[in-house]
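Two complexes are shown next, each including chain A; its partner changes from chain B in the first to chain C in the second.
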Partner chain A sequence: MAELKLMNINKRYPNGFHAVKDLNIYVSDGEFLSLVGPSGCGKSTTLRMIAGLEDISEGELYIGNRLSNDIPAKDRGIAMVFQSYALFPHMTVEANITFGLKIKKVPEKIRKEKLNWVLELLDLKGLENRKPAELSGGQRQRVALGRALVLDPDVLLLDEPLSNLDAKLRVKMRTELKRIHKKLKSTIIYVTHDQAEAMTLSDRIAVMKDGKLMQIGTPSEIYNNPANKFVAGFVGSPAMNFISGELKLIDNKNYFVFEMGKIELPELLKEKIKESIKGKDVVLGIRPEDIEISFEKDNNSLTGVTSIRETLGSDDYVTVEMGNILLTVRVEPEKFIPMDEKCYLKLKGNKMHLFNKDED
Partner chain B sequence: MRKILIAFRKNSFLIYSLIPAFLYIGFFALIIGFYLLKLSLTKYAGGDVVLSSTLYNYIKIFDDPMFNKEFSDAFRRTLIFVIVVTPLQLVTGLITAMLINKSFAGRGIVRSILLLPLAIPTIVTTSVLLILFSKGGHMTSLLMGRYSFFPKIFDYEISFISNPYTSIGLSIFGKVWRDTPISMLILLSGLQQINEEQYEAARTMGATAVQNFFYITIPLLMPSISSVLILRSIEAWKEFIFPYILAPSYPILGVLIEKYYVQLMDPGTAAMVGIVLIVCILVTSYVLTYILNKINRYLIRA
Partner chain C sequence: MKKINADKIVWLILLILSIFLVLFPIYIMFKYSISDRRSWITGGEYPVPWWPFKPTLEMYKYYLGDKRFWSNGWLSLKIALLTVSFSLILGTPAAYSLARFKFNGKAFLLFLILAIRFYPDISSVIPVSYIFNKSFLYNLPNEIKISLAHCLLSLPYIIFIAQGVFETIPVDLEEQALILGTSRFYAFLRIVLPIAAPGLAAGAIYSFLLSWNEFVFSYFITATSVSSEVPLPVYLKTLLGSFSPNLVSISTLSLLVSIPVIIFTFIVQKYMIAGMIKGAVK
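Moving on, here comes the complex of A and B:
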């Protein structure tokens, strides 16, 4: 097991495309870190650079305490699980899992021991002699994982390993991965575009966009204190509500003013307002669960019209129209809410976020 | 009966579409094979049938010392031809296919050049080789220093065509050059089905390029490799035109057929050689499949 350090990592492709920009990430020993972001944000490229499958254009990569920029993939002490699994279709499960050991000339006895250990760990007993084509998606996924685990990697790299599974299996494998990580305490870098996966699995999450690191922190930090509008919008489902408007000082109190009304901002946001956003156009962000819906007028509330109710079972979401602005509000499933009625929305003061409009 | 009729009606399109295949096998394999066998069991003399339903043509191989020498020489040459040409075409095909499989500037042009031998009529290829290598041809002139740009290497004229080794060697060269594109295309289609990520996965697990080649490329290419080896070995066994033109004094079995059928008007002996070729081809295909299976199993074992 080892720690991992990425220092000012850059990736430029020969065609000039700047895929990863000044990436600085420190992953401590045994940590589960997710790289998350939309397609093309550079998360897979970063993973491939750590794996040694892509050259690092600039910057330094340390695995353990070794500068690893020029160390070939096979000597980095990493193992990788690919999105497509990349199992060898011509080999049995056993041959697939022990391939790396065979290449490293590990004696047959130890190979067998490790194979049995992995088959046990991943619940693959009895499938040793099958070919990948004869396995289900979940089984293939576990073989790919097993193939990486037998190598005792210092750092385990997972490139969207669950994205080819159906929803139910994905949730199951999520738990499975968590269990394996707890048991093996290996350092894991996990690439995904699914923020829910990142939230449930990781010790920390690194959110990327356009090759840049947007924010890195624990799932709750990312969720509760998003650094910018992009992170706020990317993490959480349904997504955070955004309202464009501007800040105004009225009677020595800060107000957020937009086309459909105004809200007094809590003391909490004062610092932030002073620091950077004052005078500029801003965006107010509020998560669906931080809005209360009521049908009696209240101080400092917004007025809208209920329009659609979506039932998810454990939660219900109501869309409220305020002119052209649509807000998603979480409501108790049992609670009766009439549709097409005028309603009042109260925003939880300590859960409001303010972002620069232009900044991502 | 009713059941059969219903089944027939259900699958009638499938059954009708099989008719061409049956006709093909019927005409081109069974009927021709039957007549070939019948012909090989007929003794001819001076263009006339003397005896039918006889093993004379086969027994002649062992009984007639003159024919025995001619046949065994031709058989030996054919065997050498097959043993050299078949693997050589696999190697040249694999090298060119792997070259083209990589993307590089000017790949299209290189691909066209590599396919060119197929587009040139074989008779032209053989004629060019003949002009180059025959007595007084360009190659002897070149080696004797008759061209100013090349140093003199030999004092005397070399006759490539009348030497058993160089003439068969030339035929082999011509054959391999002409047919490499076929092997290349078969192997290229196989190579393109291999997912690049498998090589990357192997790399992260510690495999070198050589190990990648033997543990991933070769086993995944096995279907293409066996097609190439079997098709090419069949072609090599029944080769005619290259040795016919380039090694006229050293016939192989295919040339022997022409000699007996056309020149000596003995179709019986010609047919017998043809039957021997068919048996050789069947045996070779079987042996090749067996060996390839063994190799494959060795490479993919745990």
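Moving on, here comes the complex of A and C:
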């Protein structure tokens, strides 16, 4: 078991590329932290620095109170599952899984026990004598996971371990992972593209962009209080609606004004406007589930035209056009909504978000 | 459907043609090696037959009972195996560094490694034999001297082949081994080498053949040697014109010489399994 401290970590690749910038993350003992962000934002690089595969250009890395910048990978008490699986192609599943135990000179009997435990856990029974080439993508991924799990690592680094599984297996493995984490109590850093995965699995989520940490917090903090427009847009599916406009003070009340109308902002946002909004140009954000659609005029609502209805199974989404602006609105599946009709949108006051225009 | 068949026929013809091209000289050699005198000295009275009138194994018997053949053959075998070992021991780490580490002047280094092969062996033989004959190296046994000289020829190929092989092996595999607790060297030994084995085997076969057939370096290095043993190609040369039915003799010896090569190739080929790397990464 170990806590993990990243202090002002920077990574510059030999070609000069600044891949990770001033990263500060504290992961407490036994925590499940997800690292999310778009492709190329530096997730794998961060993981590789923690694992000791990549030099840290600047900053300090502590693993369990030990400054670990210069500790070789093999002595860090870390296991990692690579984005590419990295199975040893000339070894059987069994040899792959027990490789690390053999290196650590674990006695044969315990090796067998752990092997069986992992085969059982990951549903790999009967495949122990196959070579990686004879496995499906999902099976390979599970072998890679098993090879890390048998080591009982203090810190487990997972680089998109579920990305190659089909939807059903993915959900199953997600639950498994959560169960495994509960049982092993390892500190886990989990890299994923998939924000839904991050939401369901993690204690906390760190969102990165262009090598910088955008926000770190519990799933609900990230979802309900995104620190900026990027985080707001990245988390949640379908994505948050954004409308560009400007702030206006009318009769000592804050209004959001844009080409298709204006909206009075709730008191709640007053503090935020004072603290973090610079200038008049802002972006208003509202999630699809925080908009109510109706066909009777209401004060402080926006006017639009319903255009498309899509269903995602449990929920339906209606696209509403306001000039060039398209808003996605969640509606109940049973509810009848006429298309190509004028409608009124009411935004839930306490769910509105304001962001600076020029920030990401 | 029809087009595929036409394709197949063309391929088949090409295949048969190339097999014929390779086998025809061997057939000629074999025919002469078992010819009785009347079947190859015709005096122009009748054409040379496609098959000897009275096949005979006389020459085979002669050589297999010849001490010089055996001792020279043994020398040749030792030289070839030493060449393979030296080239692999020196070439594999060199190729690995070239494949894995980034440093300045890599391209120039590769160029230098190939440099010895830029001109004909006959012109590099003068400095090379000079080095082996005029320095302390002169006192080494012949098999060491000649195999070291052969390494000069085979190393460039081994390094090129092995570098290519190492580059196809994902770095992830080694990194994973490091994280699982191995040292760099152990990861190289247990992970990289086994996966590279098929490619390295091809290099080994190549350098075995190169050494086994090499004449120029062997000739010049053994010319000044006190030992009377010479590698087989040099021995073959001394027989030209020294023995009376010389076509038959040369053919027989040539065929005998090819047998160890065939055996070596069969042994090493076992390691040449395609698709070693399959399943390692997505």
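Following the convention adopted for this analysis, the second predicted complex is superposed on the first by the 358 of 360 C-alpha atoms of A that agree within 3 Å, B and C clash if a C-alpha of one lies under 4 Å from a C-alpha of the other, contacts with A are read in each partner's own complex, and residues count from 1 in each chain.
FYI, contacts are C-beta pairs under 8 Å (C-beta built on N, C-alpha and C of every residue); 3 or more make two chains touch, one makes a residue touch a chain.
Note that this is a predicted model, so its numbers are computed, not measured.
Annotation for the three-chain superposition on chain A: chain B and chain C clash. Contact with chain C, but none with chain B, is seen for A:Pro132 once the two complexes are overlaid on the shared chain. Applying the stated contact rule after C-alpha superposition, one finds that A:Ala51 touches each of chain B and chain C.
Once the two complexes are laid over each other on the shared chain, residue contacts for A:Thr98 go to chain B alone; chain C is not touched.
In the superposition on chain A, A:Phe88 makes contact with both chain B and chain C. Contacts of A:Tyr26 after superposition: neither chain B nor chain C is touched.
Applying the stated contact rule after C-alpha superposition, one finds that A:Tyr62 touches neither chain B nor chain C. When the two complexes are overlaid on their common chain A, residue A:Lys74 makes contact with chain B and with chain C alike. In the superposition on the C-alpha atoms of chain A, the part of chain A touched by chain B in one complex and by chain C in the other spans residues 51-53, 73-74, 78-80, 82, 84, 86-90, 99-100, 103-104, 147, 151. Chain B contributes residues 195, 197-198, 200-208, 211, 215-216, 219-220, 222, 296, 300-302 to its touches with chain A in the complex. Touching chain A in their complex are the following residues of chain C: 102, 170, 172-173, 175-183, 186, 191, 194-195, 275-282.
Chain A makes touch with chain B in their complex at residues 51-53, 73-75, 78-80, 82, 84, 86-92, 94-95, 98-100, 102-104, 111, 115, 147, 151.
Against chain C, the residues of chain A that register as touching in their complex are 14, 51-53, 72-74, 78-80, 82, 84-90, 99-100, 103-104, 131-135, 137, 140, 147, 151, 164.
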